[in-house]
Every structure is written in C-alpha cells, then in structure tokens.
Amino acid sequence: VLVDRPEKLGRVQILNVHSRKIHLGADVDLETVAALTPGFTGADLANLVNEAALMATRRGGDEVTLADFTAAIERIVAGLEKRNRLLNPHEREVVAYHEMGHTLVALSLPGSDVVHKVSIIPRGIGSLGYTIQRPTEDRFLMTRQELENKMAVLLGGRAAETIVFGELSTGAADDLQKVTDIARSMVTRYGMSPELGQVTYERDTHNFLGSQTPTPPWNERSYSEETGREIDKVLKSVVDRAFARTVDLLKAKRDVLERGARQLLERETLDEADLAALLRPQLVPEPVQS
Amino acid sequence: VLVDRPEKLGRVQILNVHSRKIHLGADVDLETVAALTPGFTGADLANLVNEAALMATRRGGDEVTLADFTAAIERIVAGLEKRNRLLNPHEREVVAYHEMGHTLVALSLPGSDVVHKVSIIPRGIGSLGYTIQRPTEDRFLMTRQELENKMAVLLGGRAAETIVFGELSTGAADDLQKVTDIARSMVTRYGMSPELGQVTYERDTHNFLGSQTPTPPWNERSYSEETGREIDKVLKSVVDRAFARTVDLLKAKRDVLERGARQLLERETLDEADLAALLRPQLVPEPVQS
Amino acid sequence: VLVDRPEKLGRVQILNVHSRKIHLGADVDLETVAALTPGFTGADLANLVNEAALMATRRGGDEVTLADFTAAIERIVAGLEKRNRLLNPHEREVVAYHEMGHTLVALSLPGSDVVHKVSIIPRGIGSLGYTIQRPTEDRFLMTRQELENKMAVLLGGRAAETIVFGELSTGAADDLQKVTDIARSMVTRYGMSPELGQVTYERDTHNFLGSQTPTPPWNERSYSEETGREIDKVLKSVVDRAFARTVDLLKAKRDVLERGARQLLERETLDEADLAALLRPQLVPEPVQS
Amino acid sequence: VLVDRPEKLGRVQILNVHSRKIHLGADVDLETVAALTPGFTGADLANLVNEAALMATRRGGDEVTLADFTAAIERIVAGLEKRNRLLNPHEREVVAYHEMGHTLVALSLPGSDVVHKVSIIPRGIGSLGYTIQRPTEDRFLMTRQELENKMAVLLGGRAAETIVFGELSTGAADDLQKVTDIARSMVTRYGMSPELGQVTYERDTHNFLGSQTPTPPWNERSYSEETGREIDKVLKSVVDRAFARTVDLLKAKRDVLERGARQLLERETLDEADLAALLRPQLVPEPVQS
Amino acid sequence: VLVDRPEKLGRVQILNVHSRKIHLGADVDLETVAALTPGFTGADLANLVNEAALMATRRGGDEVTLADFTAAIERIVAGLEKRNRLLNPHEREVVAYHEMGHTLVALSLPGSDVVHKVSIIPRGIGSLGYTIQRPTEDRFLMTRQELENKMAVLLGGRAAETIVFGELSTGAADDLQKVTDIARSMVTRYGMSPELGQVTYERDTHNFLGSQTPTPPWNERSYSEETGREIDKVLKSVVDRAFARTVDLLKAKRDVLERGARQLLERETLDEADLAALLRPQLVPEPVQS
Amino acid sequence: VLVDRPEKLGRVQILNVHSRKIHLGADVDLETVAALTPGFTGADLANLVNEAALMATRRGGDEVTLADFTAAIERIVAGLEKRNRLLNPHEREVVAYHEMGHTLVALSLPGSDVVHKVSIIPRGIGSLGYTIQRPTEDRFLMTRQELENKMAVLLGGRAAETIVFGELSTGAADDLQKVTDIARSMVTRYGMSPELGQVTYERDTHNFLGSQTPTPPWNERSYSEETGREIDKVLKSVVDRAFARTVDLLKAKRDVLERGARQLLERETLDEADLAALLRPQLVPEPVQS
C-alpha cells in the first residue's frame, strides 16, 4: 500500500506532539529536525523522539539537545556505529576521499541540499562512511538540471577516487546503482531524452523526491530489443556526461578536496560549520617578489 | 468482474433517488452533477450525495448547493486538500503554468470536454494541481482526431513548461503515461496507423471513454521483435506529432497562457466563468497613430 | 472441459422436448429457432424456451411466437436493451453505417450466413449496435474463401466508416480482434499461406465454426523471432487484402449502404424482409430526354 | 508416471484372460484384436472385452464376433457415432476425398500399417471421418524413411483436397499438427537433418511408435534465436518435401482416389476387403480399333 | 539434497557388511561387484545383495555367485527383461549393430571403461538393448580427450547404423541427448573451447563421472543471443567432429563390427570373454599361391 | 535475511568468550584464528571452539592447540577428509599441480592473502584438494587490480594444468565459475570497464570480500540483447587477459611449480613454513668452468 508520508510542515506538527513530554534543549529547532527527516512517517518520527531522549539519558543529560536528535537520526538512517570495522590505512584514505568527493560536489552545485555532516565512521551493514544532506525544503518537482546535479553528487565519490588514486574500487557500487536509476527514469519515465521522446517506456512507483524507501528490483518494461538498445545507449551517455562533469568539477577544486579529505582522516567527522570553513578562501602568504 | 456503469441518464435517475431525503439548493441541476460524474457507479453516486450533504452541514448551510456537490466530487476524484504540501515559489509557478497548459489546450480544441475547474491546491497522494473537465455528454465512440485532442490536452502541461521555462520537470510523468497508453491503443488495438494496418497487436480491457479505473500495468502482446520495433517507432512519432502540435497551439496563445497562470497563482482556483472571461478578447488601448 | 455442443438436428430435438409444456404459436418453426442458436448447449436451449415463454407472458400473449423466441435469443446473445445509453447524433450515425456495413457485406457475399436482424439499439455491456446472422446450416469445415468472406463481414463496419466519414473510430476494436484471430489461424494453424507452408506454428482449442465461447487470450507459440516476423507480415497482408476487398465491395454498393443506414437511423432495427426490400432494384423515374 | 504399456504378445495374453468368461465367435482371432490395439493398457483391454460383449448383447447375438470387437475399438478410439452431425453435401464430399487421401497414401507406401477401415461417419467431439490403421506388428524403431511415410499418410487428406478441389479447408488442422510434431522431432531429437547435426535441441517424452497419448503442448527448447530460425527453415522444408511427394503420389493415382471417394460417399465405410478390391486393376473394355 | 555417494573402497566395505549373512560363491570378488556399481548409495548396495540372494534362491542355488550379482545389477540398472517385446527381424538387426557399435568403440579407445556385457534382450521401459561398462576405477577428473572418447562410445550406436544400413533411426535419441549434454558442458562449464574461453556460461549440478542419476532438464543460462549462437555452433562442431571420428573408427573395424553383430544376433548376449575372443586376430586360411 | 557477520576484531572477542572454559595451548593466538575465519558468524565461531576441543580430546591432548583449531577450521570449511576417495596416479598428479598453481600465484602476487595450507587430501563432497588462504586483515574495498589478482589465483589451477599437461580437465569448473562471477561484477556492478561505463547492469547481494556464502544462481539483468553481447565480450576479454597473465606468471616459475607439486605428492599437505622454504632460492652447484 501507498503510504502518504507527511510533508515538512506535517513533520514539525508531529514532532511537536511527540516532544511534549520531554525537555527539549534550547538549541533544538523542530524545523531543523523536520528538515533532516524527509520521508519519515509519523511512526518514524515518534521513534526518533524516543531514540533522541534515550541518547540524552545515556550521556546523563537532562535535556534532549539537537546533537541527540542528530545522533538518533544517524542511527536510524545509517545504522549503528561499527567501530570494530577496522579498515586498513589505504582503505580509510580511499573512503575519506570518496566521502569528501560527494560532499564537495554537493557544496559546489547551486541548489543542492545542504551537507549536514560527512563522516568516515563505519555504520550499519556494509557502510564505510556517509554524507548526510539536509534539504532546506521538501521538493515535489525536479528539473532535468536538478536530477543531473543529484547524479553528480552521487558520482562525486568515484570521481574523487579516480582523480586521486587513478584506480577504481568496489566502493562505488551502491552509488552507481542510484545513478543508473535516476538516468533510467529520466529516459524512460520523464521524457527527458530527445532521442526517445515524450513516451513512457517503463513504469514504477519509485520516486527521487526525498524518499528513502529501497528501490524496487527492476522496472517493468514494454519495448522492443532495438528500442531497449537505444535506451541503453542514451542511459550510458547520460551517465558518461554526468561523470565527466563531476570529474571536471572536482579537478578544479582539487586543493579543497585534499584539505577536506585530510581533515576527515584526522577528525573522522565534519559538520556544516567545518565544511563552511573548509570552503573559505585560504590565507596564502603572498610570494615575495624579488 | 466487469461492472456495467450507468450512463448519464441512469446517473440522473440514481441521483434523483438518493437526493429525495435532502434539501437541494435552487442552483442544483442533477443533470450537471451527472455530467461531472462519468464512470461513477450507483454506490459512488450514493456516496457523493452523502458527502455533499456533509459539506453543507459543515459549512452550516441548510441546503445542499451545487458548490457542495462540486467540492464533494473533487474530494472523491482528487483526494483531500493537502495544504501542508508547501511547494517553493518556483515549483508553484511551474505547477500553475502546467495546469494552465492543460486547461488552455482543452479550451482551444473544438469538441474537448468543458473545463469545470482548474486548481493548484495540492490534493490526495502526490498531486500538485488538477484540471477537472466536464463532458457535456457520455461518449461511446472516439475518432482518431478526438484521441489526438485528448493527447494534446494531456501534453498541454509539459508543453507549457517547455515554452515558459525551457526546462523539463518530473511533473509530467503521469501525463506521459496516459498519452503513451492512448497512442499505444491507437496503434495496436484501433488499427489507426497505416503502417501497422487493421491488425490487433495487443489486447486489454482498458477504455478511454469516461472511465476512471486505473490502467492495467502492461498489455499482453503477441508479435515479433521487429514488429515490436515498428510499433515503438510509430507510437513515438504519434506522440512526437501530438507534442509539436500542442506546443504550436500554446505558443500561439502565449499571452492567454501567461494571464491564466498569473490568475491561478493569485487565486489558486479558476472556474468555468473565470476561464470564459480569460478567453475574452482583451481591450487593448489602440496605439495612437502619429 | 470440452463440452460437446449439440448439432442443429440435436437442437431441434432438445427444443421439441422443452417446448412440450408451452403453447407454441403457429409461426414457430423449431428448425428456424435451432438455426438461430448454433453453439447453444442443452441447458442454454432450456433457458431459451423459458425466456421466450416469459416474453409472451409479459406482453400478455397466450402463445409463444417466433418474435418471442427471437427477442429471447437477442437478450441471451447480446444482453439487455440499454435505452439509457444515449449516443450523440454523430455517434448514432457512425453506428448505423457501421452495422449496415457488416450487413451489406454479408448480404453481398455468396455463402454468407443469412442476416436475421440488424439493429442500432444498444445492448449489454458496451455494445452500440448488432447484426445477427442465421446460419442456414451448421458448418464443420471452412475453406480459405469462406474464412476470407467471414473477415470481410467483420471488416464491413470499419470499411463503411472509412468510406462515409473518412475517419477511423474506436468502434471497430472488437471486429479487428476477431479478424486478427481468423487471419492468425489461417497462417499458423490451417497451413493456408504458401510462405509459411503446411506447418503448425501455434496451437489452441479455438474454433470459428459457430462457437460463441470467448477466445482464449493468446495462443502458445513455438518459433524463432525471424519466423515470427514472417508470420506478422503475412498476417498483415492477409488482413490488408481483406480490408481492400471489403472497401471495394461497399463502394460499389454505396447507394444501398446509404439507404440502409438511413432506414436504420429511422427505424432502429431492420429484419430479413426489410433487408430483402432494401436490396431490390429501386424504381428510379427515367430522366426525360429533351 | 510413465506407464509401461504391454507389447502385442502381452496384449494377446491379457485378452485371453479377459475373454475366458465370454463366448468368442469363430471369426475372432485375438492376435488380430491385439494388432488393432497398440498402446492399450491392461485396463483398456479389459474395458474393450466388456464393450464388445455389450455390443453382442445389444444386437441380440449369442457370440462376440470380430465385428463386435471392431465396433468396440472404434467407439473407444474415435468416440460415439454422431449421426446428428449433418454435414452439407460439399463438406461430406470434401471429407470423403480427405479420408480417401489418407487411405490411398497408406495403401501405396510400402511398409505402412494396413488400413483396417475408412469411414465418413462423424464420431466423438469434432471428428468428421476417420481412417483406422492396423499395425501388423508393434514397432520399436523407425527410420527416417518410415517417418517420412507417416507424414505422407497424414498429409494425404489435405493433398487430396488440394488436387480435387483446388482449395484449402480447415479440416487438416489436426493432421498438420501431427506432421509438424514428427518433423520437429526428426530435426531436434533424432539428429536426422544434416544441417543441424547429431545434436539434441529439444527434449520430450513423446513418441510416435504406436502411442495414442495426447501430445504435450510444446517441447522445452534450448538454443539461440538464429539456431531456432535454422530449425524453423529445415522443419518447413521437411514438411514441404513431404507434401510435394504426397501430392505427386495421389496425382498418379487420381482415378483410384476418385473411385474410392465415390464408394465412400455411397457406402460411408470401407473395410480392408473393399479397399483391396478398389486397388485391383479395373477391367476396362478394350477400345475397338477400326 | 546432495547425496555423498560412496567411493569404490567404501562400496567394497558396505558390500562386505551386507554379505555377512549370505553364502558367497567362490567366484565372487566384492571388488568386482564394487567396480560394477559406481554411483550406488549404501541403500542401493544393500538392495543389490538382497536381489542377488533372491536370484540364487530362485535358481535353487545354495551360494550367491558372481552371475547372481551381475543379474541383480542388470535388473536394477536396466530394468526387468521384457521378452514379450518382440522386435521384427530388421529392428533386431539394427539393435545388434547399434549395441555392437557402442561396444566396439569402447573396446577400441584406450582408457575406456571395460565392457562387461552387451545384450539385445529388451529390458525396462523402452530399452531395446544395452551395453554395460565396468570402470576399473572411480574417476574424479576427466580430460577433454576422455570426454571426447565418452562421446565416441555414445555415438558408436548411430555410427554403426549409418555405416551398415545407410539410414538413420529413432533409436539413437537417448545417446544424442547424452552426447549433447557432454558437449554443452565442455563448452559452457569446463572452458574447453578456445572460441568461448575460460568463462562459465551455464551452471548445473550434473556430472559425468560415474553418476547414473538422470540429467536435469536444461541448464540455467546467462548470455546474449549472439553468444548463444556461438555456443550452438561450437557445440555442433564438437559433436560433428566426434561423430566423424567414430564413423572412421568403426569403418576401419568393419569386419569385427559385422562378426560381433552376427554373434549378438545368435547369442543375444556377449560377455567380456566373448568380446576378447572377438577381437583376437582371426585365423584366416592363407591363400595358396599358385 | 542479511546477516551482519562480525569483523576480525569482533571475532577475536567472540573467540575469547567461547574459549574461557577450555585450556588453550601456548601456541594459540586467537588473532590468528580470527584471521583464518573471515565470514564466520558468532554461531560458527562457537561451533569452531567446540570442534577444536573435540579434536584435542580425540588425540588425547589436554590442551587445545593451534593445530586443533586449524584442523577444526578445515573440517568446517572443506568437509571431512575422504581418504576412501582413491584417485588414480595421474589424477593425483593433476590435482597436485592444480593446487600448487593456485598456491604459487597467491605467493607471487603482492597483496594476496597468505597461503596457510595447501593439500591434496580429498575432503567433503567432490573436493579433490584445497588451498586455504589467510587474509592478514578483513577487507572492505577492493581495487580493480586486487580483483584481477583474485582471478589470477583462481585461474592458477587450470593454468598449471595447461602448462604441465597441455590438457584441460574438468577439475577447474568451480574455479571458472568464481572467476566469471568476479569478472561479471567488475563489468556490470562496479563500473570497471570503459566500454560499458559507470552504469549498473545487474544487481545482487553477492560480495567477494571474505564471504564464503554460496553465490546466488544468476543475477537479475536489465539490458538489451546487444548490450548483453557487449557485456559477454568484455567479460570474456577480462577473463582471457587474466588467464594469459596467470600462465605467464607460472611459466616464469615453472621450476618452483614442479618442486612444489612434487613435495605435495610426497607429503600431501604443505603449510606456510614449507611454502616459504620452497620459495627460497635453491642452492644450485655452480657449473664448473673449463
């Protein structure tokens, strides 16, 4: 069944209801919490408030702070921290550049969701690092340009690995899957490719607008082999272009990428303020002219 | 099972029966209500009368007016209003032009169903705006020309977006699906393409004549790959032509489109009278000749 | 399970048994009733006698007449009259020409079943008009020529629409499906196409000889894509030829078509005698030579 | 489960056991009865003895004769007589030539099973006539030549129709299906086509050696499309050749075909002796030389 | 579930256990019995000892001899003797040459399993003759050469038929199926074709090493049509080559083939000693020189 | 369901818990045991400790030594020893070179997991020999180079057979399957082929990082035939290159391969120390210069 997930305004209202019985810290703005939880149902939000309160109790606090909420969201979205998952130094370095790649692309493309946090602490099953974005608003429509930006953010990890290490790793498999899903929808459902026209080639219930439900295995299709080949080609060229663009973008900011990855390796996690500082022009001592 | 839905005359009779126990306002003509409810079963109509009576009670009225019936129909057909669904200003603008696109094409093509209401109030699950048409009569046969007009009305939304914003958005996905269904039926079931002849290539129980049942996932097919490719090509060219025609039509009425979208942004909803006024030639002060 | 439906002689015997308890009108010849009911099982015939008796009772008659039997057959075969189904004048005209097309082709091709009645009174679910043929005998074998004639009768509706209105409508969808089934069987099961030889390409339990059971969805197939393409091509050319022939036939009798359709629009239903009169050469006043 | 049907010797033994309690006529040789019942299980044979005894009782005989056995076999194999199935004279003529075609090819090809009876009395569901062959022995191996002869006998019906009427009818559909099955097995299971080699392309449990079980719908296949196309082509050419050969054979015996069909139309059924007489050279009065 | 069948050594041990309670004849070497029963489970071996004891009892012997074991194995592996299955003389001749073909190829190729017995006594369901080989040892690895030899032995039957009768019969269908399975595995699972490389194209649980379990219907496949076509071609050429080689081998030993088949027709069964004698150079009286 | 298997650190902790009640030998370092058990769940590790204790008891030891743990791991991973599985001398030789091939490639490629043991003692169902590697660390990311090395180790067996015997055997079937899985994932899931780009073509839950779960039958696919052909070609060329590289590597170390295989034939099993000795440069008496 199709669940009608609450919009941001609805989430604020639901959070308000569930927060009545707990002491909220002065720094907690439920609008911010709502912004971090697109796609959460009412039940998810109730659970979130409980988890945040638990976090506060565990650390002996008497108020539930924004940090408690953020930690609870991370736990729900990305799973438990897995500090036992000891990556070797090279793997850890690859992960740092990979996550910094996602983050830097998101920071660079106008209109991308705010990067709330980037981390190389392994979490949940299989994750080695993560980047959490915070949409400033729920989105209901996306343009082709916005979808292309979304693909660029997803490809930022692999692009960074390619630029820095000149090597491909298995770490981008999930990203490639999401990029392929977006490109496929652009071509087969949103009529965004001139070659294939304003025709629907596949159907599904999948959407890219803030939903965090797992993607269905594969879409139903209804076209001939030759049309299928055309779709494959256009889909590949859409992804190729997005990747080339992402590589160019990161190459142009190679120094920020390097600094960011270094900081991430040192501090494991960077938040919004850290990232803002990172992007600020560096004070470079002027070369003294002779 | 195949339900035998009542024709318009039958709907009038059914509405008469169910309305006996309520006070109908002077402005209620059950023929108009019947015209707005093609595809409703007897049970749907009984429900409609109840909903309309409830609307009247809620607003404290002592008669059930046509406005109550219209509101009840909108609620049944398009779902509850979702005023929490806060679109950003650009999204709202895109939706306004999109809906005005549908409406203007419907107003321009002879023989199209009357536009009863156009609105940018979000409703139900996922809808951002809607255009309600009122067939002046039930239809039992449609010509190729009429199906092409139906496709043009459906493509009006995307055509308006393209003309005004020069950008494609995800908002037309449902429209493209319906257009593809019509074009596919023209080619594979109605023998309307000279290239493919008077042969049936697919079968289903789907019809376009006033039915509001959801379309089945995909039709059963029985043809070779090469014939499938031919179908794909003809289908695409049917849709391409329909889109080009729709764009031309809206470009020629660009000023009405602009005025309509502006009004929609201001007033959220336009009814039949508003639309009639919109189409009336504007009094433009004659340029004074020197 | 495969039901062994009674032959005409068997139907006469069964009708005899069931008619013992009712007063048959003098005009009732059970042979004629049997001729109108190919494919009826024993149970269907028992039901028919009851329905006919009911018809007589309803109209206050004390004998069951042939008209009662005919009305009962129409009700069983085509469903209840749907006088609420109000077509608009143009639709009604299209239906009249469409039905007259079927009828006129049947009247013109030697060996076609006698046309017992043609009507534009809507009946059952979805039907807008109907032509009832009465086989003079049960048929057990059909030649290629006879199958082609059957296709021509089925295509007569659309051919008439094309000639008169120059437009294609959705009203021929069912006819095209039946034509496609016949052409497919000629090619894939009856070895009637020289290109594909005396080979069976598909299997089903479907037959065209007086059976009124619904056709199975699609046949099982066992051939390569390229052979499938050959089948598609031959099938299309068989249907194309049949359509061209039907159009030629109706063009040559355009005047009878016009007169017949006009009469049908006036009188809604024409019977065997009316059709015989229609075909009689018209007395045209000789132009006076000056 | 796979039933191990008794061989001829076994059938004689089983018939012996079941016949102990009945009076067998002097003309009954159980070897002959066993020869007419290849593929019968023990239960089928027990049933046969009962049916034959019943036949004798019905006709008031005090012994069970060979004719009783033959009638019982016909009833079991081909179904009840359907004397109500009144074919029109042309259909009856077509059936007579069709059955005579099967019979004459069987009589002409060395090594074919003896034709025990040919008849145009309709029987069972759908059958319009039948030819019963009596293998002189059970067969366990068949050569390519023997399979080709089997195809020729099956195609004899359609070949006769083509020669005599110059028209194709629907009556050969079952024959074509059986011919296609044999040709497909030659190509895909028996390695009998040089083009496709000694490779197995399909598998089934189907056999042509005296079995009367219904053929399975379609075989499982495991090959590429292009190989499938090659199979289609070789299969068609095998059937084309078999048909051409059958036509030639019947053309060369046109006079016997005509005489046989005439006799069949007059007498409805011909037995082994009648057929032997038919084949005997005709005494034609010598033309007197002037 | 995957049964772990005992190796030869294990079989000897199991046979020892089960034979404790019976009197074994002096000629019984359980190693030989174990060699004749590759693929037997513990339960199968227990059953074998019982069957062999039963054989001894039936013939009134007081010891269980090797002949009893051999007879019990034949009954288990090939089914009951079917002496009722009376082949005609030509069929019997074909079977004799066919079986002698298998046997002679097995005797001629170095490394083939010893032929323990060849027979033309029909057995079980459908078998007309059989050749029983006795591996001198269990095999765990097979080379390409050994698989090719295995194919040659399987093709020996048809090759003999072709050479002697110049005709193909249906009798080789099972052999062709097994040959196709081996060739397909060489190409798709064992990486033995240079054209297709060291890639796995199909997967199954099937093995050729002494297993007597029935082959699964068809393997799962995962490749494109064009690759499938390549596989078909290579597979066919592997089988073609194997067949040509087998024909050459038998042609070169035509005289032994003839003598062997003659002996088989006379004596129905030949054992290891008979075959050794058959292969011994014949004493041909020297032609006397003049 | 997706099991979250413990990382190495977690395995050490779990082993610690389960080992509390047993006497560990002085030579047991639980870190080493953890390194040998990647992919083991908590339950597997508990079972391992029990099995190792049982081993100690059986051999009458009062401490559980590292050898007990190793033996227990071998039994769990590779199954029971099957000393009844008597290979013939040639098969045994092939197996020795095959296993030595795997081992030598693993020893030669930088970054490969340490070879803990290589053996030609048959174990479990179907295995004829085995090579156990010990990852020095859990791995979470793999580069293209590392995947290629993994393929080379897997192909080492067949490469050795080819070099030494010039013949292909069935023994590499499992290796080829694993190599194909890796190559397929590189191409269709990890975006590692320039020809096919950063697009996901198949999806599964399969991973190569230390997991010992059986591979799923085949992946779900979503692409046209022509794209499928491209994938087939790239996949084959990836495997071809890996095989050529492996052959070159082993040819260059032919002497070590020979010595290793000889030692394996003599001693059945070689451990880490034996292999280190094997690789040490041989003291070859200098040829005396004349």
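Think of it as A, B, C, D, E and F in the order they're written, each chain with its own count starting at 1.
Convention: a residue touches a chain if its C-beta (ideal position, glycine included) is under 8 Å from a C-beta of that chain, and two chains touch if they have at least 3 such contacts.
Note that this is a predicted model, so its numbers are computed, not measured.
Chains touching both chain B and chain E: none.
A turn of 60° superposes the CA atoms of chain B on those of chain C, with the angle given to the nearest 5. Centroid analysis (C-alpha atoms only) places F farthest from chain C.
In whole angstrom, the spacing between the mean C-alpha positions of chain A and chain D is 73.
Once the centre of each chain is set as its mean CA position, chain C and chain D turn out to be 37 Å apart.
Chain centres here are Cα averages; for chain C and chain E they lie 64 Å apart. Chain E has residues 225-226 in contact with two or more other chains. If the chains shown are joined wherever they touch, the resulting network closes on itself as one ring, and no chain has more or fewer than two partners. Residue ranges of chain D in contact with chain E, taken from their complex: 2, 4, 6-10, 13, 137-145, 147, 189-192, 196-200, 203, 208-209, 220, 222-227. Of all the residues in chain E, the ones that touch chain D in their complex are 82, 84-88, 91, 94-95, 122, 125, 128, 155, 158, 165, 167-173, 176-177, 179-180, 183, 217-219, 221, 225-226, 228-229, 231-232, 235-236, 239-240, 243.
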